[in-house]
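Two complexes, one shared chain (chain A), two partners (chain B, chain C).
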Partner chain A sequence: MNEQQLHAKLLASGLPGIGELDTSARDPFVRVDAGSIVAVLTFLRDDHDCRMEMLHNLTAVERPDAIELVYHVCSLARHHALTVKLSCPRPDGGNHDTWIPEVPSVAGVYSAANWHEREQWDLLGVRFAGHPDHRRILLPEEWIGHPLRKDYVYPTWHDGIPLELDAIPLYEPGGGQAAAEAAAASAAGAAGAAAKAPRKAGEPLFQPPAPLSTRPLAPGGKTTDTPASELGSH
Partner chain B sequence: MGILNNALPDIAPVRAVDAAVGWGRGSSLWPMTFGIACCAIEMMAVYAATFDLDRFGAGVPRATPRQSDLIIVPGTVNAKMAVRVRRLWDQMAEPRYVIAMGACVCGGGPYVKWGYNTVKGVHKIIPVDIFVPGCPPRPEALMDGILKLRENVTREAVFARREATARILDARGG
Partner chain C sequence: MEALELYAVDDRADVYTEELKLNLGPQHPSTHGVLRVELRLDGEIITAARCDIGYLHRCAEKIGENVSYLQFTPYTDRMDYLSSMNNNLAWSLTVEKLLGVEAPPRAQWLRVIMAELNRIASHLIAFGTYGIDMGAATPFFYAFRERESIMALLERPSGARMLYNYIRPGGVAHDIDERWLPDVLAFCDEFEKRWAEYNTLLTTNKIFIERTKNIGVIPRQMALDYGLTGPVLRGSGVKWDLRRDVPYLKPYDEIEFDIPVGEGTHGTLGDCWDRYWVRMLEMMESIRIIRQAAVRVPTGDFVEKAMLKMYKSPLKPAAGEAYMRCENPRGELGFYVVSAGGASPIRCRARGPSFCNLSVLDALLPGCMIADGVAIIGSLDIVLGEVDR
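And now, the complex of A and B:
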């Protein structure tokens, strides 16, 4: 069957919330209401003529006015495929911090949807009601935010791991600004006390080693770089 | 080498012993069996017959960090992996060496701007001895990096007190 016939079949099924077929796209798609997505996919899977036994993709798109979920289902037995979309309209002022859209989970219809839905939750922040294992799948469980949202704010550190390019100054031959700052700090006698202070909540678990040029050899040792000629050989 | 490490005067007999120890260390750099992403495929090619890292005594990838001298970090280090990389490096015994392999590990690579969970260079977590850039580097490039490291290790002062070596050891967290 082609997409028009599949769409006619869906309309004939009497299920509520089935929209028009859009054939302007390369993959024609059917818009459905969020409330009927589970019934629609169950019908497409179980109907003898449809036999869409495979969900080969479940993804989401953030648009200015909505987050759109896209379900690609296909039938290996009948050699046809259909794209189903549903839209979660953005409320006024709904942004990354205030708006988490919620749609019914289809993990009960297609097992493949389990991980796909976890991925959409992880990266785009769509909640799936009734999901059996609603956790992040890629990022650490304690990650804050959903990185593929347009208004996501990039983190500088995560649990002691530097994530920004400039989180730690790079090694500068000959000292540079970092060495000057370290020298000033040690002159003030504050560096040692600061290093031994107990870790406070939210502080990094470990600090990566300072650049070579900022590390003194020994108490009172010189911090300048040794010329390559002095490295010598035996 | 414990309390003798870098503690003896820099005189000829000590240097001779250092040369022997350095030769031994440099000729048997055992890397850890460790791969993260696509660079690991090139690293495997270096171990395999065509390039044959065993010619330089480094073809014995160990299955545990406790037996290995060298960790090659091949592939994108993200926030989740960084904790594991650091823990593996922590478990390695001294002397330990690090090779950063590939653009991602050397400074973020293609993820340098929009990589929200990529560590922009593994040198922000562990001290790196050799950087091998490339995306991914050719096997020849990694071999060159290992040979450069071998050169450094061979020339390293083990017992003799030499400021340059002390500084390197200190930076390595030793």
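And now, the complex of A and C:
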């Protein structure tokens, strides 16, 4: 069956909350309400004509107005696939710190969803209600924040490890060039050989790098109309 | 009297031991990388298992959102670093799907040969390390000898031995030299003889069979439920291969090849031995594919002309999204890319086969002995670089 037939089948099932089929996309997708996602996937899995035996991929996408959950299901027996989406609209002022959307877990329908949902919780901060093992999966459990959010702030410190490269002293055998210069400078009576001003109180250890597109193309400060990120690897 | 009590046997219960918690890994030779499995043990029997992953996490998906479409290709190399060509291929096809372009025929046939050569190299590692897991160190050296030939072959067009960055959106990076295809065919002849050697070394070894048969059985329904793909799925008797079922490259449609599936040769369908044997047979199928493809590589461009222009100017696909899946040596690698019209995607999701295949481990281990757990982890053939991304 193609996506249109699958969509018609879903509509005929009488399940609530099934939206339109978007055929303009390269992979046509069906929008459903968050409340009916478990019922929809169960129907797709168990219906004789659909037989979506496998949840191939589950992911979340952050957009300006919402976080979208995307479910790719496919049938090996029937040779077809369908994309199902649900949307969690962003509340006013909802950001990384204040907004954790919650959707029902589908780990009871497909066991494959278990790890996928844990990963989406870990990296994007989407809570899955009813998940059997709702923990982080890739990052340590004590990690703060969800890195794939667009407004995620890079941490400066984790578990005793500074994440700012400049804060890590370089090893130089025999004290190195800098030490020799400092010794020479102090011998000459020059006050303070420190090349770098000490960090002021309140100043962050680490500044998150600017997006690539705003950086100059060459170190000389010469910018062009084309940001570096838009150039190919050639 | 005291002595008698010491030897008294409590016949009301079986012999039991205190529960022991054991960490397998993260630094353990049989976990194939930095994987930690928390085991609860009753004697030598595993009663519960919990995987802990993420030691190699680099957040490749975040990197993908900060670099251009072309710049991300080398990062895909580093996911499943044993099958970089296949990762490049999946990423390139995803970007091409997003842009609505297609690689020229010569590039398509070259891609098939590269992907299949890399598949053999990857299965050779699976074969060699599986021998080591089972206490047979010799097959490893044999496997690495042939893998060396493949790496030398792949180095000639790509310039790299492991992380190729060769298949790129629009085609391939460089053309092959004149002697390359004959050399590939010569390798195929050589490999056939070597493959027979592997079987005398490991496949027919009685100890190896005893260690792998009836161990770690994954029934068909369980494999589908957990989203397992690749040799792990086919080992459970499911005849499903994207190269045949959803041909993502045209040549796969025109080439004849079989899809080996597990048959429960030594006992139960879907055991460790079936998964091992599927990989062995797949190597020969890849040789079959390469032989047919090597004589049919057409002349012409190796990269799409329209794409060459895009290499020099910003590559900005129109807003939209694309999901593409490819048959990697370890299963189906899927990329889900969402573009908002900019030079970088706003979401760049990689669905790694190792990640999904590993998720079944927690359910497989309880009831096994520790040594069988090692056999099961090896038979899943995971690469932690892709599990953690």
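By our rule, the second predicted complex is superposed on the first by the 167 of 234 C-alpha atoms of A that agree within 3 Å, B and C clash if a C-alpha of one lies under 4 Å from a C-alpha of the other, contacts with A are read in each partner's own complex, and residues count from 1 in each chain.
In the analysis below, a contact is a pair of C-beta atoms (placed from the backbone, for glycine too) under 8 Å apart; a residue touches a chain by one contact, two chains touch by 3 or more.
Just so you know, these numbers come straight off a predicted model, no measurement behind them.
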| item | value |
| --- | --- |
| Which of chain B and chain C A:147 touches, first, second, both or neither | both |
| Partner chain in contact with A:55 - chain B first, chain C second, else both or neither | second |
| First, second, both or neither for A:63, with chain B first and chain C second | second |
| Partner chain in contact with A:134 - chain B first, chain C second, else both or neither | neither |
| Which superposed partner A:72 touches (first chain B, second chain C, both, neither) | second |
| Partner chain(s) touched by A:161 [first = chain B, second = chain C, both, neither] | first |
| Touch count on chain A, higher of chain B and chain C | C |
| Contacts of A:96 with chain B and chain C, given as first, second, both or neither | neither |
| Chain B/chain C common contact set on chain A | 139-140, 147, 212, 226, 230-234 |
| In the complex, chain A residues that touch chain B | 139-140, 143, 147, 152, 154-155, 158-159, 161-165, 167-168, 170-171, 206, 208-209, 212, 215, 217-218, 221-222, 226, 230-234 |
| Chain A residues touching chain C - in the complex, by the definition given at the top | 25-27, 53-57, 59, 61-63, 70, 72, 76, 79, 83, 110-112, 114-115, 119, 123, 136-140, 147-148, 211-213, 226-227, 229-234 |
| Contacting residues of chain B [partner chain A, same complex] | 15-16, 18-19, 22, 79-80, 82-83, 86, 107-108, 112, 116-120, 123-127, 155, 163-164, 166-168, 170-173 |
| Chain A-facing residues of chain C, complex | 53-54, 57, 59, 61-62, 65-68, 70-71, 73-74, 97-98, 165, 168, 222, 224-227, 238, 240, 245-246, 310-316, 320-323, 325, 332, 334, 336, 338, 343-344, 346-347, 349, 351, 355-356, 359-360, 363, 388-389 |
